[in-house]
Amino acid sequence: MTFLEEFNPKHLTLTVESPTFWRVTFNNPPINVIGLEMMRDLKALLTELENNKTVNVVVFDSADPDFYIAHYDVTVDNELAEALPKATDYTAWVDITVRMSKLDAVTVAAIRGITRGAGSELVLAMDMRFASLEKTKLAQVEIALNAVTGGGASGRLPSLVGRGRTMEILLGAEDFDGALAEKYGYVNRALPDAELDEFVSRFARRVSGWDHQAIVEVKEFINKYTRLPDGEYPLHSDAYWAAVSNPEVGATVERLLEKGMQERGPLEYDLATKIGAIAQQR
Amino acid sequence: MTFLEEFNPKHLTLTVESPTFWRVTFNNPPINVIGLEMMRDLKALLTELENNKTVNVVVFDSADPDFYIAHYDVTVDNELAEALPKATDYTAWVDITVRMSKLDAVTVAAIRGITRGAGSELVLAMDMRFASLEKTKLAQVEIALNAVTGGGASGRLPSLVGRGRTMEILLGAEDFDGALAEKYGYVNRALPDAELDEFVSRFARRVSGWDHQAIVEVKEFINKYTRLPDGEYPLHSDAYWAAVSNPEVGATVERLLEKGMQERGPLEYDLATKIGAIAQQR
Amino acid sequence: MTFLEEFNPKHLTLTVESPTFWRVTFNNPPINVIGLEMMRDLKALLTELENNKTVNVVVFDSADPDFYIAHYDVTVDNELAEALPKATDYTAWVDITVRMSKLDAVTVAAIRGITRGAGSELVLAMDMRFASLEKTKLAQVEIALNAVTGGGASGRLPSLVGRGRTMEILLGAEDFDGALAEKYGYVNRALPDAELDEFVSRFARRVSGWDHQAIVEVKEFINKYTRLPDGEYPLHSDAYWAAVSNPEVGATVERLLEKGMQERGPLEYDLATKIGAIAQQR
């Protein structure tokens, strides 16, 4: 059986636009958190793409116009996550972000909706990001849980937005809308929401027509000059898990869940604004 | 006696907005030059912050709406400056900028008014910069004195504005207003003057609420990927002092002082434009 | 004989605006490709500038308002190109771009018109770039020839536009107009076409007045923090020549020439859009 016959993802959809252009659509209602099944799906996809010499470009979009990826599923059982098949020695999530950042295929995020925490880290691990001007909210809110970003944001933002704006994004933990994300370089460009899909599809179709080996070589040089050594990323993960294993953080997460975290409601729509007050309610 | 009881600064004011949020206001009339007393004040503040495990954020603003920090006081007696207490082996000014760039607390410049030379270097050594859209003039004018920037601008600008714009800022020695400074990444954002104070205060209050240790860890990773090794900065300082020790530069400084440098008048308001012609008047 | 008496360029003009400010105007009708003679001219100019201790700034503009530099002349005889005098062990074109990026004089591109492929690489090797808002089209189209950029674009773009936008420029191979090039940092600034010349001339006159040694020292520090080691660039060149030596690429170039490449006509005006379809017409 080929990969396409075999692949049966639970929380994303794979659309073969052409042999050289694939589309992945995140789809984990109610708000597209990154949970166990989505990680399993992503890891299987990454394994295929690591061996596939045909696919030139993969677009990642969302089935939910309000939530691109809300964040990591805080209810995931860590042992199950770590038991998922992996291709590196890294923790489950870093295994995904590091591998994503090293694929031969060009990875393009088409961001519409809320994209916080691990969602932001996932798009930062892709090669480029296009965002809806009206409907984007990008944020790294980990510091509200007393933690650094565990999947590499502090390693990837500096080469996109520079030192001062990286400080602001990670220490401010606020939402960045499309216009500000573009101004800072957090995304390549913000496009009017009505134009985003056609823009990204046209761009991806164009890239899908190039020679596969040429794409690999172009990316190799850029990666050589812009990627940190892989070994940096486990350090982030270790620091993150050390911080959130503190019982006080566990209590914060409990309070957040009671107030509607991971549900399609006001807390998640406005999480960056509200998380601070809830976290500091001791 | 605690630091707060003991600290009696001459050319700046320290306001304790809360135990975790301090505000430093530069105040050295007539135009906020960085002189001996302000350096003494800054060094005492840095020493405290290097040991303080409570303060999460320090905002630096100015008591003078026209001059944030005009520049280094060209009349400072070097021997006295070097005799000030220091925590590094570096020259007096580099001791300040390097230590500023390494604090645990988040350092935020709220820039309103003229910020040239060492003033620009000081804000570049902070973690982030917000500026008045209408009232900001940022510049590095050292090349008019035949010199490189002595306090690290050429080491810090590249990670904010990239190679080409660093070249333009340091070789053009022109004023950058708020809009252009934002476009280049010289500041994080330029805000309408009427909104600047509230924006920065709100941001700082938010950051002041996070866990101290989490802030330290976030900054540690960002610093690891965006700071040059400390040892680079003495090289800048040596090159600066070698250049300005030339008698021709001394004569230029004399001419500038005769024409109103360090006074609240037309030369200082428009120094970047006028310094070239005066420097080249031989 | 002095250099100025001896220098008799074929495809560019040298104007001595002052002893410290030179202007180079590309002039190789019909569309300013970089051919054998222009490379010979540039190498002679670089040799002079490498030894000249007076010239502080060199502006590079174009005699053709529509084409700044169309691209490399695809009909150049490689053996003749490599036989041109060179100052490095690198291939003919890399010899030019690496040396351009290391001059004592400040190099300023005044971009008006189409600037693709090696044209874009040449301006990326300069210290800064100012562009006509209305008349600029910057692009790296090499991937349409199954190739990486041979003259260093993938090494120089990251420090200007960051990782994500470098990916987009090199993998999308599309035209960037002045506004988008400014937004990304591909150029320092885009100026209204009517203001470009005066802006650049004024800036260059200003820089031309500084102390030569101070310029050298400022550039030395910036270069130290923003230039890749020279040894990276031959790798790009090797990968480029390996790719284009493929007979399939030769056939593509033949088709492009038949359809009007290197002529002043619709294909060259719109090369970035059209090259993909022609390249993929097998």
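For reference, chains read A, B and C in written order, and residue numbers begin at 1 within each chain.
The working rule: a residue touches a chain if its C-beta (ideal position, glycine included) is under 8 Å from a C-beta of that chain, and two chains touch if they have at least 3 such contacts.
The structure presented is a predicted model; accordingly, all values stated were derived computationally and were not measured.
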Rounded to the nearest 5 degrees, what is the angle of the rotation that puts subunit B onto subunit C, matching CA atoms? 120
Between subunit C and subunit A, is it the same set of residue numbers doing the touching on each side, over half shared, or a different set? different
Would you mind pulling out the distance in Å between where the CA atoms of subunit A average out and where those of subunit C do? 36
Among all residues of subunit B, those touching at least two other chains are 161
What residues on subunit A touch subunit B, complex-wise? 143-144, 146-149, 154-155, 158, 161-168, 170-174, 183, 228, 232, 235-236, 239, 243, 276, 280
Report the residues of subunit A in contact with subunit C in the complex, numbered from low to high. 106, 127-129, 156, 159-161, 182, 185, 187-188, 203, 206-207, 209-211, 213-215, 217-219, 221-222, 225-227
